[in-house]
Each structure stands twice: as C-alpha cells, then as structure tokens.
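Presented sequentially are two complexes of subunit A, the first with subunit B as partner and the second with subunit C.
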Partner chain A sequence: MSHASTTSVGRKPSDTLSHIIIWAIFAIELLPFYMMLQMSVKTNTSFMTNPWLPAPPADWQWSNFSYGLGLIGPYIANTVFVATLGTAASLFLAICAAYFFARYRMPGSDILFAMFMFLMLMPGVANIVPLFTLLKSMNLLNTLWALIIVGIAGGQVFAIFVLKNFIEEIPKDLFEAAEIDGASHFQQMRNVVIPMSAPIIGTLAILMFLGKWNDFMLPLIVMRDKELFTLGVGLIYLNGEYVKQWGRIMAAFLIASMPLIIMFLFTMKLFVRGLSGGAVKG
Partner chain B sequence: MAQPISNRKALHEWQLYLFVLPSLLLVLVFAYYPALSAIYHSFFDWTGGDFKQFIRFENFTRALGDKTFWASFITLAILVVANVVKMIPSIFMAVLIHRLTSDRWQYWYRVLLVVPMIVPGLVTLFIWKFFYDPSLGLLNATLDATGIKTLLVALDTNVLQWNVFREGVPIAWLSEPLLIIPSLILWGFPWIGAVGVLIYLAGLQSIGTEVYEAADLDGASSWQKFVYIEFPLIMTQVRLSLILMIIGSLKDFGLQLLLLGDGGGAGGRGMVPGLWMYNRAFTAGEFGYACALGLILFVFILALTWVNNTYVRVEK
Partner chain C sequence: MLAFAAQNWVCVIDTSIDSLVTVMSIAWLKFPDMGFLATFSLARPTALRSLRKTHHYERHNRMAKVIIENVYKIYTGDKGKLVTAVEDVNLTVESEEFMVFVGPSGCGKSTTLRMIAGLEEISKGSIYIDKRRVNDVPPKDRDIAMVFQNYALYPHMTVYQNMAFGLQLRNFPKAEIDARVRDAAAILGLTPEMLERKPKALSGGQRQRVAVGRAIVRKPKVFLFDEPLSNLDAKMRVQMRTEISKLHTRLNSTMIYVTHDQVEAMTMGDRICVMKDGRIQQVAEPLDIYNTPANLFVASFIGSPPMNLFEGTIENRTNHLVFVEKTKEGLTPLTVRVDERQESKLQSRIGKPVVFGIRPEDLEDKHLVADPNPAFIISAVAEVSEPMGSETHLYLTTGTHTFIARSHGQLRVEPSTRMELVANMKKAHFFDCVDKKDYVKEFGEINVEKWQTACGLIV
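Let's turn to the complex of A and B:
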C-alpha cells in the first residue's frame, strides 16, 4: 500500500475499469447470498413466477422465518454450545502449550513439538474409523461432548504452531522482569503473554470458531438423536427432508448464518487484518 | 527461538511440563491412538465390532486391485488439474485490488472478500446445489435466457455426442453421469478464495512504489508488470496454496458426499479416494479395509508434503 498515495503514470486511468471488473466478480461471488436473502421471504409459487427479483415487501412471507427458526433454533443452540466451549478450551490449552515450547528449550521439547506438527499432515480420513470406535468404547457416541473434546484435540495444533512463533518474538526482558517480581509461570502467561498476543489470539479464536461452526463430518458420524444435532448435521438433515419449500429452507439458512454475521460485524477489523497478515501463512 | 536451558535449571522448572501435558494427553488419545489403531486394523478383517481376523496384507493387495479405488484417483487428478486453473481468478483478483490507487477501496474490497466466509460452508454448498436443480435452478435458467443452452445443444449433437444437452429438456447436472465432473469443476464459480486472495495481497504489499515507477519509465505493460514484478513476489504463496490445495483434495470428500451421496453419484463418476474410504467404512461396514485405504492415502499425502518441504521453500 506504500505506493497508493502516489500519482504514478500508467496505472491511474485503468482504475475505473478495475473497479468495474472487481464489482462484476463480486456480483457473481455474492449471488448465492442475494438469492438466499430474497428467497427467504418467498413462497415456492412466487419464486417460480419471479425467480430473480425481490418480492414486493407486502408479499413477504415472515412465517418462513418463524418456521425456519423452529426447525433450526435447537441446532444453533447446540452449535453455539459446542463451538464456544471448544474454542475457549482449545485456545487456553494452545496458549499453555505454546508457552511451554516458546519459553525455554526444555529437554524433550523438540520431540514433543515435532509430534504436534506431524498431526498437521495426518489426514483426518484415516483416523475417522478408529476414532468412531474409540468414541463408542468411551460411551461418547451421540453426545455433544464427543464433538467438543475431539474438536479441542484437533483444533489446538495449528494454534500452538502460530502462537509459539508469536511468543518467541516477545522480548525476553519482559519475562525476566516478571520473574524477578516473583511471578509464577502461570502469572507470566496471564500478565505477559496474553496481553502481548491479544490480536493474534483474537484472530485464532475467530478462525477456530468458524471451523467448529462449519464442521459437519464428525457430527455426521457421531450424532444420532435429532435433538442433539449441531448445524452441520442439522442442515444436511433439513436439506434432505424439506426439499419442496425453498423459502423456508432459505430462511433457515439465513438464520444459521446470523451468529457468524453478528460476530463478523463486531470483529471485522481483526478478521481482515488477521487474515491479511502473517497469521495464516503457516 | 526459545531460550536454551541447562539441565539443572530445567529440573528446577519442571512445572513447565504441566503446561503442555493436557494438550499432549488429548492429542495422544484422540489423534495418535486412532492413527496407530488404523495401522493395526488395516491388517485385519474387521467390521467395527469385537470380532476381527488377522489377514496379513490382504486388505492392501485388495486395494491394489480395487478398480473403484484407482478410478477415483483419476477423478481426483482431473479435479486437481481443474483446481489449478481455478487458482487463477484469485491471483487475478489480488493483482487487480493491489493496483488500485485508493487505500480505502482496497480495504473495503478486502472486507467484501471475507463476506462469503461468514456464511456457513454448508449453507453455501446447499445454495449451490439448488442452483444446479434441473427445473428450479438458476444455472439452467441462465443458460436458457442467454442462449448458451442452444450452443451447448449444438456442441453436444455435433462434437461431444454425449446426448446430455437436449433442446426442451432441462439439463440434469447432478444426475447425468457424464455431467458430474463438469458440475464439480464449475462449482463455486467465479472461484475466488478469500484466504488465497488475502495472502497474495499480503505478498504483493512488499512491492515498493519505486519498482512500479521504474517499470513505468521503461514502458512496461500491465502484463509485463505482472510477469516480471508481481508474480515472482507471490510465487511462494502460490506454491503454498498449490500444495495445500492438492493435500486438501486428497483429504476432503465432503462436497462429493453431500452433493452426490456416498456412492459418488450416478455411475460413481464423482467418487474420490476419501469418499471411497468413507463408503467402505460406513456403507459396507468394512472397517479394516477402510483403514488400509486411509493408510494408502496418508502415504500419498506424506510423499507430497516431503516434495513440498524439499522443493518448495517457504520463508517464515
């Protein structure tokens, strides 16, 4: 962006064209969301007579939303529970583990670190079958706890990798000063590491939450009871069940997106900056 | 780097190990144990229950002769090649945004890029599936309205001879065997990956104004600027996305599973290796065989990662 303010020759005249092309791409890219929005207030018949344009506000079928909420509300509650608890726990554990790896080169820490990094290569597919039987033997099948615990185990790995690099950049003097004041490791983590790496922790939290919100493979295999479905299985189930009423399905889809949209509105800067920066280069 | 520590001091700081212990335990139980169990069970005839029979390498020899499995690699190869082409729009988009003179617009376009990410992936998937619907879907409506349909019909009768595009008959994108791979390739048009574009943009940012000024003085065209200035700078990121994309294609089968079912759709044309493993485990109940297939996939991924680490240097 350093060159942005200059009026260099040869690039400025084409800007209008660039804007047009960018908007054209976004128009297609965002078409699914436009369709979701406008279809969510239509009935099947009004969609078939007028598929493209929004219906006049007088004809909006608000009942689609109450219906959609009834269908998907419980799934959202389950997902919020799983994603929030899972994100909080995996972040906490990841910060602890990253602190261990970044603070000193303890005997054995190289091997342990390699063990974590190796997991980034391991395909989930190979593990799914034994994981299923493991959860079965632990009596965790068909429970939200299975999703939370497995989510924590898998979700922390990438965060450990990113946070370790970040904590190593924190000036050593800060830790030494804290140590002289008699701070324990836990206090150093709370008072030095967490404040210093707050932005990266925020970005990681968002990424983790998104990942858990979108996860469907594990829930699909683990969950059986309809009341315990998370959005992942819930949406699949819904898509199979109510094939005919598209308006209601789109309303349900929109409701399923709401928590993420609200989260995005509050964390937009963190989100865009985190993704643009080195955070996900790994 | 982490500070080196003497053994005596390490002994004194033993509590530090408690920091890594919970993570370690979780990983051992929920990642390493299943992985080792998969290796162990790949030598067994096992249906997931208590009963299992040791059959040595039979699962692996069976996999070698498994036509569906190898056909799924061909499908995968086609999709990977298509995915390489599908990386171009993201690079193009990043360069377009990067060259804008307005900082404000650059920022807002970044925000717009992220918007698709806040709609749950499954929702996007199902909306796209709806686009492919033969009678209600937007794809057929668009093709009809723009006249491309007539073109496709002509192409089909004169060149392809697939008999899948017919005048007056809605195109059955996801149920016509021959159309399944084209549908999967078309999926997600215009193929802008938010994370990809943002990472490329971060790479492009290191280009200073003076480089562009020098290029302008030399009379470089836009295309030359791209080839000689911009592309070399994001080469690292492009290679990284490429390798991640290939590994991802080997691992993922969610799209195929949800779109086409666990049989890979009509004629099994959409079957990819991961999906075949899933199919063997959860449809056929051949858990031991599925473990062996998973191991073979893992070997492929490991080999690719090794290639990546050896030939693709990524600066941290």
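Let's turn to the complex of A and C:
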C-alpha cells in the first residue's frame, strides 16, 4: 500500500533519463539568458575576473542600463514604428483577404488561394536578391518604408491561412443576420469577425510583432544609415563598434528583449487559447 | 542568369499576388456590383442604396404584399451538375398574412425564404415586396427581418446590444433605439436585467425571444422565420408557438414562416404552402389542406398520425362502387363501399388502380358506433394499442397495409385480436395511383414521396 502511494503513476526508471535530458536542454536554453542577466550589471574588469557567477549586489553597475538605453534608444523607436505599423496593416489586410476567401467564391479563388499557400512554402531568404533589386528600383533602399512594406506583404500569407479557417468556423447565420441588420462588409468584419476571432487575431498579432521585432536579414541588407537601424541590426553593430564594454552591451540586449518577454508573459494565455482555438471551438 | 530570373519571378509573384488579392478583395467588398467581379460572384449585387435615411423607417407602412413570380433556384452541385432547388414557384403572400412554408427537409422552403430575404440569389423569376422588385436589392434595403433557426445572436454583445445593433447601423437616435428595445423586450417578456446579459447566459427559449426581439425593433414590413423553434424542447416550442401567433395578431405584419413541423404549420398559419422537391404542392388554409389535400403527398404529410393509405381498385358491385384492396396472394382483401356522393367522380376510375385514403379519426371501433352500416365496416388485426387518455390509437394491419385508427373510447385491446372498424366514408379520399415504375431511384428503390406528389386527388 505504502509502496503504491509513494510511486507516481507511470513513473519508470527510464523517466529519470528523460528528465535529465529535459533539464539539460532547459539549462542550455536558459544559459544565454542567465549570462546576459548577470553580465549586464558587471564592469569589464569584474567580468574578466568572474565570468560565470553573478557579481555581489553591492557592485552592480546600474549605469550600464542608462548607457545601454542611450545606445539602442533610436533603434527601439525605429523597430516599434516598423513593427507596429507593419503588424497593424498586415493584420488588417489579412483579415480582409481571409474574410473574402472564407465567405465568397469566385472563379479562380481556389487557384488564388492555392498560390497563396504555395508562397508559404517559399523560404524568405530565397527572395532576398530580387527583393533588393525591386526595392532599389522603387527607390526604397535605406528607408523604414521598405521594411514596413515588405513586412506587410510577407507576414500575410500565414495569417490569411489561419484566419480563413477560423472565419469559416463562425456560423454563417451570424453573417447573414448582420447583413440583414444592415452591416456592410467592413462592419461585418468589425462586429462579427474581429470580436469572434479575437484570440486568434491576438496570437497572430503577437507572432507578427515578434517576427518584425526580431527581423535581422532584411534590415541588414536594406539599411545603410545607422540612425535608421532597427534592433536586429543595431545590436549586432554594437558588438563591433565599441571597445567591448560587455556589461553595457548586455544591458542593451536585455532592454531590447524586455518588451518581448513582457508581452509574452502577459499574453501567454491568449496565445495558447488562440493556437488551440481552431481545433476545439466551444 | 536563369536562376536569377526565376527568383525575380518568385518575388514579383509574391508581391503582386499579395497586393492583387488585397486590392481585389477590398474593391470587391466595397463595390460588389463592379463589372466582371460581380457577374462572377455568388453573392448579391448591390444596386440600390437609396433607402438609408431614417425618415423612411419613421413613416413606414407595415402593410406589404410579397409576390413570388416564376422563381427558380438553380445551383451547380457536385461535378458541375445543375441542381434545381426551387422550381417555378408562384405565390402571393397577402399583406398582414401569416404564411407557413412546410415540407420535408430539402424541399426548397428555406431556399425560397432565403431568396425573399436576399441571402440567396434568384436564378430566374422575380420577387416583389410591397410592389418593388427586389431581385437586385441587398437584404438590408428590403425592409425585412429574419429569425434564424440557431438564433444567430452575436455572442460578444449583450442582449440589449444584439437588439439595438440593426438600429445603430441605421443611425437611429439613441433615445429611439432605447425606447424600441425596451418596448420589444416588454412584449417578449424579457426583463431589464436580462437585457444586460450575454446570450450564453440565457436559455434556449430566451435566446429565441431575443432573436425575435431583434426582428421586432426594426419594425420591418415582412418578418421571415426560418425554422425558429426547431432547436427548442417540446414544451418551449408549444409556448413560443403561441407567442409568435400572438405577436402576429399584435403587430399585424406580413410574416413568412418556414417549418418542417406540420403541427406548427396547422396551428400558426393563415395559409399553408406545402412544398416538395422545390415545387409548391398546395397553398390553402390549414383546414382546407387537411380536408382536401391536393395529392397523396400533401395527404400523408399533413396530419398526425398521418392519413391511412391503401392501394387497390374501384369495382362495381351490385350497383355500388366498392374499393378493393390490392393484396399479397392468399389474403382476403379489405373491401369497403364508396360513399354515394363520391361515386360519380369515381365512375371513370372503375378497374383502374387508385389509392384510398382515410384519416385515423374517421375509423372507429364498431362497438362505439350506433347502428353501423355493414358496407362501411372493415376488419383488421390490431398489433399495438396506445391509450392516450382521451382517445386510443390502434395500430392495425390488413396483412398488406398497416394503418392507424384513432378511437374516441378508452379501449383495451390485446395484440393480435381481430377488430371491426367503421369507416366514415363521407370523409374518405381517393387518389390516382400512378405507375411506380417511373419513380425508381438508383438502387431499385421507389422514391415514394416523389411518386406521391404525382398522385392527384380524385375526390
């Protein structure tokens, strides 16, 4: 009896091994974050003498953060501008397109949708050279608009795919009731589609925002002026241009990752709900 | 070089499809009647946007006649096959009338209603609401309101917001909206506290009330109901049935009501339109439909329990016409004399196959009838008896046909007892019995309902 009560159901010796593996992976995942945290409050000297363990709290260099913020402040502003505008516009267009694909058919709409899906298979990097040429001929090189426009076009496909399936799940009667109530298409989107697919739209918004926040390749290629850098590129250049003030660089990195961490922590529930939302609809 | 060109293409396709689709969808949504896109679309082209102004609704007149003229609904089904869902429907729903469309599922009744609502395109023919041809008028400008089977309430809005939504979109002043919503709520017995709830916090019956309320506040010319009670439990359905009837008396509006439940049709409708396979079978007042069904289908569809039907022939015996049942070999056929008043119309059918129909309530246990005429007595074996209290339902068989009798007494009948019943032949019906060979389905089965629609009433 006592034996049974002390052993968890399904616990086998082989589980110990998998637990060790999981913990190991977990540690590897967290190591960079830990290093960033503890380095962000050290001076170069204290880092050289003690690279692995946190410094005693009395020696913490809070000034690293104000300096770090000064370094990346403009990058953050650029990134927020690009990511917010790109996400909003991309989502809006994706909702329109998904609404159309989900609710109406016209000859060729299947082919059109299939082409969309095909685009999802295309790795973004494969487009880099022609994209560059295209942006060059559009005189958009070295502007934030290049990032925004490409961001708007690029993020949509996945969003349309997910949203279309979600909108198809909304009872048709609701749209018809709205139509009889006098709602135009945009009003139907606002009053039926958006409230009813809020979790999935939220999830998509987070994903898009994350993607644009972390975008590295495109800004690296398109941007030349330092003032126009977004975070992805800006942080890399920090590494190269200064005498390695590790503490300051890490403080800047930490500041740059903060919004994402905060956003993720607070929207985790929504995020999970959105991802599983399409599967079981109550 | 080639690779570069290919990549260039990919990129151009990527960007151009994206923008093309976006532009097309926005353009199409904004201007659905725009050129080729509109001709392709299955949705309704928008034509008239003239009725936006509030004053139109203020002085609106509830009297509205709905005329359906040679209407067809043809759509492309699987493998490009054309399917006719509604075929040559002609009907006039008078002003202030309560018209019920009834029929089995797939008979085209909902499609017809949806065409009136503007939710379904009209393939051929015209629909007029209040003398205006509405084929190309979008639903919101047809001055109709619709109540859906699954309520179709916006789940994220409160009851109040649900009811007010249509008025808000039409830019009604706030005070007017409030007054109308509260009026409708009072009519439907929705408490002010309920108005603040979300639909999911309401019972099925309450939700359906809200859905009706949403229709009432708009004060439309025509109310459309699409099987509004079929999601409710039996008790609630009876209650809501009377409430909708009362509402009709109170509002005096034209109402068109779709149901598959013939009891609802009989109890609610001023007139009933029975449909089958996309065609109207009969349009008449409930009792007319019950007493003189136009064909075998209507006869068997309307009435519960349904009319008993026997296949057989009319024969002339000793100066009287007699119906003789068509039986399996070796069984004695059921034989009953035809009522004198019906004989003249049946003369021409002597020797020909007919279907004899008699309602369960027109068959009574012999012992409960004073001085029965032996010519009208039929004999059959009781299989089951169901005492209902006020009456007894007897399930009987002649060996070939099974049928139901509704005796007014409280009978106790042992199974397998032979009984004698008196048929009230004055109320009997005779239908042509068309050859079933023409109504064979794919696997050799007979499409009974389709066959029934072809068997017209003789008398």
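Odds and ends about this structure:
Following the convention adopted for this analysis, the second predicted complex is superposed on the first by the 243 of 282 C-alpha atoms of A that agree within 3 Å, B and C clash if a C-alpha of one lies under 4 Å from a C-alpha of the other, contacts with A are read in each partner's own complex, and residues count from 1 in each chain.
By our rule, a contact is a pair of C-beta atoms (placed from the backbone, for glycine too) under 8 Å apart; a residue touches a chain by one contact, two chains touch by 3 or more.
Remember, predicted model here, so these are calculated numbers, not experimental data.
Judged by the touch definition given at the top, the superposed model places A:Pro195 against subunit C, while subunit B stays out of reach.
Look at A:Leu37: by the touch rule set out above, it reaches neither subunit B nor subunit C.
In the superposed model, A:Asp15 makes contact with subunit B only, not with subunit C. In the superposed model, A:Met115 lies in contact with both subunit B and subunit C. Look at A:Gln156: by the touch rule set out above, it reaches both subunit B and subunit C. Of the two partner chains placed by the overlay, only subunit B lies in contact with A:Leu260; subunit C stays clear of it. When the two complexes are overlaid on their common chain A, residue A:Asp181 makes contact with subunit C while staying clear of subunit B. Counted by residues of subunit A touched, the larger count belongs to B, out of subunit B and subunit C. When the shared chain is aligned, subunit B comes close enough to touch A:Ile221, but subunit C does not.
Applying the stated contact rule after C-alpha superposition, one finds that A:Tyr104 touches each of subunit B and subunit C.
93, 96-97, 99-100, 104-107, 112, 115-116, 119, 122, 126-127, 129-131, 133-134, 153, 156-157, 185 are the residues of subunit A that lie in the contact sets of both subunit B and subunit C, per the superposition on chain A. Residue ranges of subunit A in contact with subunit B, taken from their complex: 1-12, 14-15, 18-19, 21-22, 25-26, 28-33, 35-36, 47-48, 51, 93-94, 96-97, 99-107, 109, 112, 115-116, 119, 121-134, 149-150, 152-154, 156-157, 160, 165, 168, 172, 185, 189, 210, 213-214, 216-217, 221, 231-232, 235-236, 239, 246, 249-250, 253, 256-257, 260-261, 263-264, 268, 271-272, 275-278, 280-281. Looking at the complex, you find that subunit B touches subunit A at residues 1-5, 7, 9-10, 13, 15-17, 19-20, 22-24, 26-27, 29-35, 37-38, 41, 48, 89, 93, 96-97, 99-103, 105-107, 109-112, 114-124, 126-131, 136, 138, 141, 189-190, 192, 194-195, 198-199, 201-202, 205, 207-209, 212-213, 216, 222, 237, 240, 247, 250-251, 253-254, 258, 274, 277-278, 281-282, 287, 290-291, 294-295, 297-298, 301-302, 305, 314, 316. Those residues of subunit A that touch subunit C in the shared complex are 93, 96-97, 99-100, 104-107, 112, 115-116, 119, 122, 126-127, 129-131, 133-134, 153, 156-157, 171, 173-174, 176-183, 185-187, 191-192, 195-196. Listed in rising order, the residues of subunit C touching subunit A in the complex are 4, 7-15, 17-19, 21-22, 25-26, 28-30, 37, 40-43, 117-119, 138-140, 144-146, 148-150, 152-156, 165-166, 169-170, 214, 218.
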